[in-house]
Amino acid sequence: MKSPALIFLGAFLVNNIILMRFLGLCPFFGVSTAVKIATGMGMAVIFVMTLASWITWAIYHAILLPFDLVFLRTATFILTIASLVQLVEMFLKKSYRVLYNALGIYLPLITTNCAILGITFLNIDNKFSLLNGTVFALGTGFGFTLVIITFAAIRERLDLAPINPSLKGYPISFIAASLMALAFLGFSGLFGLT
Amino acid sequence: MSKWRIFTRGLVRDNAVLVLMIGLCPALATSGTVRDGFGMGLAATFVLLFSNLIISLLRKNIPNEVRIPIFILVISTFVTIIDYFMQAFQPDLYRALGVFVPLIVVNCMILGRAEAFASKNSVFDAILDGLGVGLGFTLALTIMGTVREILGNGTFLGIPVFGESFKKSPVIFMVLSPGAFLIIGILKALINKYVRKEIR
Amino acid sequence: MNELFVVSASPHVRGKMNIDLAMRLVIIALVPALSYSVFLFGIRVLIITAISIGASVACEALMQKMLGKKITVTDGSAVLTGLLLAFNLPPAVPLWLPAIGSAFAIIFAKQLFGGLGYNFINPALAGRAFLMASWPLFMTKAWLAPANGTLSGIDGITSATPLSLLKNAANYGDPSIIVRQLNDFDTIKNIFFGNIGGCIGETSALLLLIGGLFLIIIRVVDYRIVVGYLVSVAVLVFVLPTKGTLMFHLFSGGLFLGAFFMATDWVTSPVTHKGRWIFGAGCGILTIIIRIWGGYPEGVSYSILLMNVFTPLIDSLTKERVFGELSKKKGVKK
Amino acid sequence: MAILDSMLKGFVGGVHPPENKITEHGGIETAPIPKKVYIPFSQHTGKPACPLVQKDDVVKIGTKIGESEGYISVPVHASISGKVTGLISHPHPVLGCSLCCIIESNGGEEWEQSITENADYETLSKEDLVNAIKEAGIVGLGGAAFPTHVKLSPPSDKPIDTLIVNGCECEPMLTADHQLMLEQAEDIIKGARMFQKILEAQHLIFGIEDNKKDAAKIFRREGLEVRVLKTKYPQGAEKQLIKAILDREVPRGGLPMDVGCVVQNVGTCYAAFQAVAFNKPLIDRVMTVTGDGIKTPKNVLVRIGTPVIDLIQFCGGYTGKPKMIIFGGPMMGIAQYSEAVPVIKGTSGIIISTQAWDTEEGPCVRCAHCVDVCPMGLMPCEIYKFVQNKNFDKAKEYGVLDCIECGCCAYDCTARIPLVHYLKYGKNEVWRLSK
């Protein structure tokens, strides 16, 4: 069993959710036009991802496993996350106005973010305990945030470059992401993690 | 709109991955080999086809306020079916695709077709649309899988191409994650340059 | 006389440094290391370098033509990319390898992004990382023993460079003896003067140091990045659990090549002063982390690549202090 | 080296172009009275003066031909005696074209009667002194031509403790201020003392670069406080000079008076003294005519409005085929397309050059030399890209409005990008958009 610190680093750098696991690509390309926006999105993802991993872990271990309903996993998880996001949005709007203003517009986008659901599935597939699952979700969320903010800064620079019209937009972003992933290969094998 | 147009629109003109740039996660993650890409494409097509079918059948009975949860339920039912089916009959493929099989449920392509097309059109049209979009997705993944497998592994469906010496030292980069990003970037650029104009 | 005079924007005098000159000066600063490498590993080094440079220049010209731009291969930047890529290759790689690496570097890391000045990641290092990902065997095993020396700098061990020996000492004999040998004065001397195996351009720390100092003095290379890099490496060697001594870590591998010539690449390093310190320190930290805990024996090129990726972010977070800004302390008197 | 530079007291950044001060020991020669002068009504920062004369009016030297319009404005005076032959639009060294009064000389030197020695000027009140300076049309002669009386009337809530007299002349090639300091030190000191009295400043400090030690010596001998500064461009820019001498930073968007300082150029001190002690309006100035395109480079005392061609003849004509005529120094001067442009109050020098810069600009390679040398701590390489992409919000955020257009960035640009040009354009657009 790997220690929580290694799980965190693995999820944060080595198996970065976006660059290595290909999860959450829609927000990665869609919400990375400016550093400020990307930061908001990243924070929202960290927040929701951690909450979601707790709740789905509880549902899985308290309901689905004991009652032999594992086959309902996909359906329950996605509905749980969708309603969780709704609840969080309502709760923030009422009680934490500042946080709501910062994260509010990103919350609805998160429902369709496969990263959240993916992490809850991976938590189960890896048979993580609650602690490890939390650490894993946090590491993943930070990895997501780091990469999306960095990518946003790169794209701000790409906007000013004389790029061929047929490469503008998605193609050059993909190629930039490819080079980013290439650089992140430098982390592979860190602490023996693969 | 002719039936043929409904089918081909999803296949080519509004190809989910290569033109609309949706459903990217599975497209990049599972296109390391032809088999994985094709398998993933078919799995998604299955879900798309049947969710379109059911939603189109029920379209007059679904209350508008709760339509999204119901769509998700329908979709996740078929995702669970294909999930268990592949686990039973294609264990190798299932292992290769990993978490991306259950994640078909959040593929915006599927929910998007349910919302935009199946819930408003006849059953036959919905089937055609589902098939078109699904096969378009399969096509894109297969193309990417082909390029990446040939370059990155020196094989096509496991059969060596370009001789044994290339198979010994292929461009491994292509099967790694940066290769996936690079290939789709190049494909998208080529489409922008040569194809997009003519279709419009 | 009714002819109109030339009207151009001020200033009407210009400094001596320009892009072409700077590129040529960097190339000149690298020539000693290259010549020494030819002496060490033979004429093959020259062939690899020539192929690398040739492919790089050819791809640059081809891409510029295809993208409908002015062909500017004479500015020397493509030559420098090719040269630096060759410097990062083991001397016994197959001859097609540098050509492919150069092509990747120029096409995907540079020209598609808009050419010189717009690439966000060092093309030569991107080329190297691409080769490393694709053909790891060639990139980590194709060493040649230097003339009058051994690959490791230690007598009797001929299959590993000093850094991989440090990392996997157990594979080559008794680890404690090997580590002691590696940190011997004789070994360090071999490493410093370049009497060891390694990538084409990284063997002689001394010659790289001379070239690098020359570039710092003529202001082509910013001292902040170099100092930040080397100092952070030095500090971490003391703080972190590593078997190598300070001298061993500073002189071995591509550290000097990276710190003086590649991390300091104008285009891909931050423009702010604070940013340059951060960039240099970040490179040093990542280098040592990869050397100690990473999956590769050497971390220089990946550390620089990673910091290249963070450069735009560093730039936007570390704006220079504008004159008169927040000058509560000094500005408003009374 | 850069490390040492930043440790020395002074401002950060700056460049040191070749000085080329070939007229350093030349002395000041008086140019002959031109046959015709073209006197623009706008020679200063602020509103142009309002014409007072008409065609065929007869004027004498010192006759007021334009009245100041509003507070930030000064009057304009005739610099020769003769007849007004027209008020037309004529090439202007800064504005392209502008309304000029053309006066044809009658060959004589008839001065306006009021121009007489005012022996008891020291008894005048502060207000009278400021008014006399304004009426004489005195502006900052360092180049910016900002009306002097405005600088001398700071609001009461901003007390001035230090008057700095700027004798830096940091622009390469120019030596007019240097010569003036050598030849007219006495009057400059009297002018500076007068300013000090007006401003009620406790301290009077002369700032002189270390390539003009002889001038510094003269002022020292008079018992004045002189700071010899490192020869570095733009040492003579107000904000940088204050930083170097007093280690105070003028806040962003602020003026020297915000940190209790006023900076006056040595030429301004001289002219203001003349204005008060002899009632002499600003009708001439000392300037340098130099460059490789002129036969005998000189420092000359020139009547305002003299067309540049007359000066070129006075200085022996061109050496070869001239390519450029630059009004001002090589760093901030403005290139002229015609030799008909007249000398105006702010013209500190004229450079005739036989070479022109290749204007082709390369791609920015982010060498950050511009960031290193910018005395204002800006990032010209980033700002220029925002301007190029018409992203003026970002340009403003990065401080384009703080640019002092000194030209250091473009001087040191390895890609030969006319950064100052882009920044000026950016500034204008930001101003335009914020209106």
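Order of writing sets the labels: A, B, C and D. Residues in every chain begin at 1.
Throughout what follows, a contact is a pair of C-beta atoms (placed from the backbone, for glycine too) under 8 Å apart; a residue touches a chain by one contact, two chains touch by 3 or more.
Model, not experiment: these values are computed from the prediction.
> Which two chains have the greatest number of C-beta pairs in contact?
C-D
> Which chain has its C-alpha centroid at the greatest distance from the C-alpha centroid of chain D?
With centres defined by C-alpha atoms, farthest from chain D sits B.
> For which chain is the distance between its Cα centroid and the global protein Cα centroid smallest?
C
> Taking each chain's centre as its mean C-alpha position, how far apart are chain B and chain C in Å?
Each chain's C-alpha centroid was found; their separation is 42 Å.
> What is the distance in Å between the mean C-alpha positions of chain A and chain C?
Averaging C-alpha atoms per chain gives centres 33 Å apart.
> Rounded to the nearest whole Å, what is the centre-to-centre distance of chain A and chain B, using the mean of the C-alpha atoms as each centre?
Chain centroid spacing, chain A to chain B, equals 22 Å.
> Need the CA-centroid distance for the pair chain C / chain D, whole Å please.
47
> Quick check on chain B: which residues sit in contact with 2+ other chains?
In chain B, 173, 176, 178, 182 touch at least two other chains.
> Tell me, which residues of chain A touch at least two other chains?
167, 172, 175, 178-179, 182, 185, in rising order.
> Quick check: what residues of chain C touch more than one other chain, meaning two or more?
108, 114-115, 118, 130, 133, 315
> Chain touch graph shape: choose line, ring, star, complete or other and state it.
other
> Going by the touch rule stated at the top, which chains touch which?
Touch list across chains, by label: A-B, A-C, A-D, B-C, C-D.
> Can you tell me which positions in chain D touch chain C when the two form their complex?
1-3, 11, 15, 17-18, 161, 172, 239, 243, 247-254, 258-260, 322-326, 328, 330-339, 351, 353, 356-357, 359, 362-369, 371-372, 374-379, 381-382, 398-399, 402, 405, 407, 410-416, 418, 420-421, 424
> For the complex, which residues does chain A have touching chain D?
For chain A paired with chain D, touching residues are 159-160.
> Across the complex, what residues on chain A touch chain C?
Per the touch definition, chain A meets chain C at residues 35, 149-150, 153-154, 156-158, 161-164, 167, 172, 175-176, 178-180, 182-191.
> So in the complex, which bits of chain C are touching chain A?
These residues of chain C touch chain A: 67, 108-109, 112-115, 118, 120-121, 126, 129-130, 132-133, 286, 289-290, 293-296, 299, 301-303, 305-306, 308-310, 312-313, 315-316.
> Tell me, which parts of chain C touch chain D in their complex?
By the definition above, chain C touches chain D via 1, 4-15, 17-19, 22, 75, 114-118, 217, 219, 222-223, 266-273, 276, 315, 319-325, 327, 330-333.
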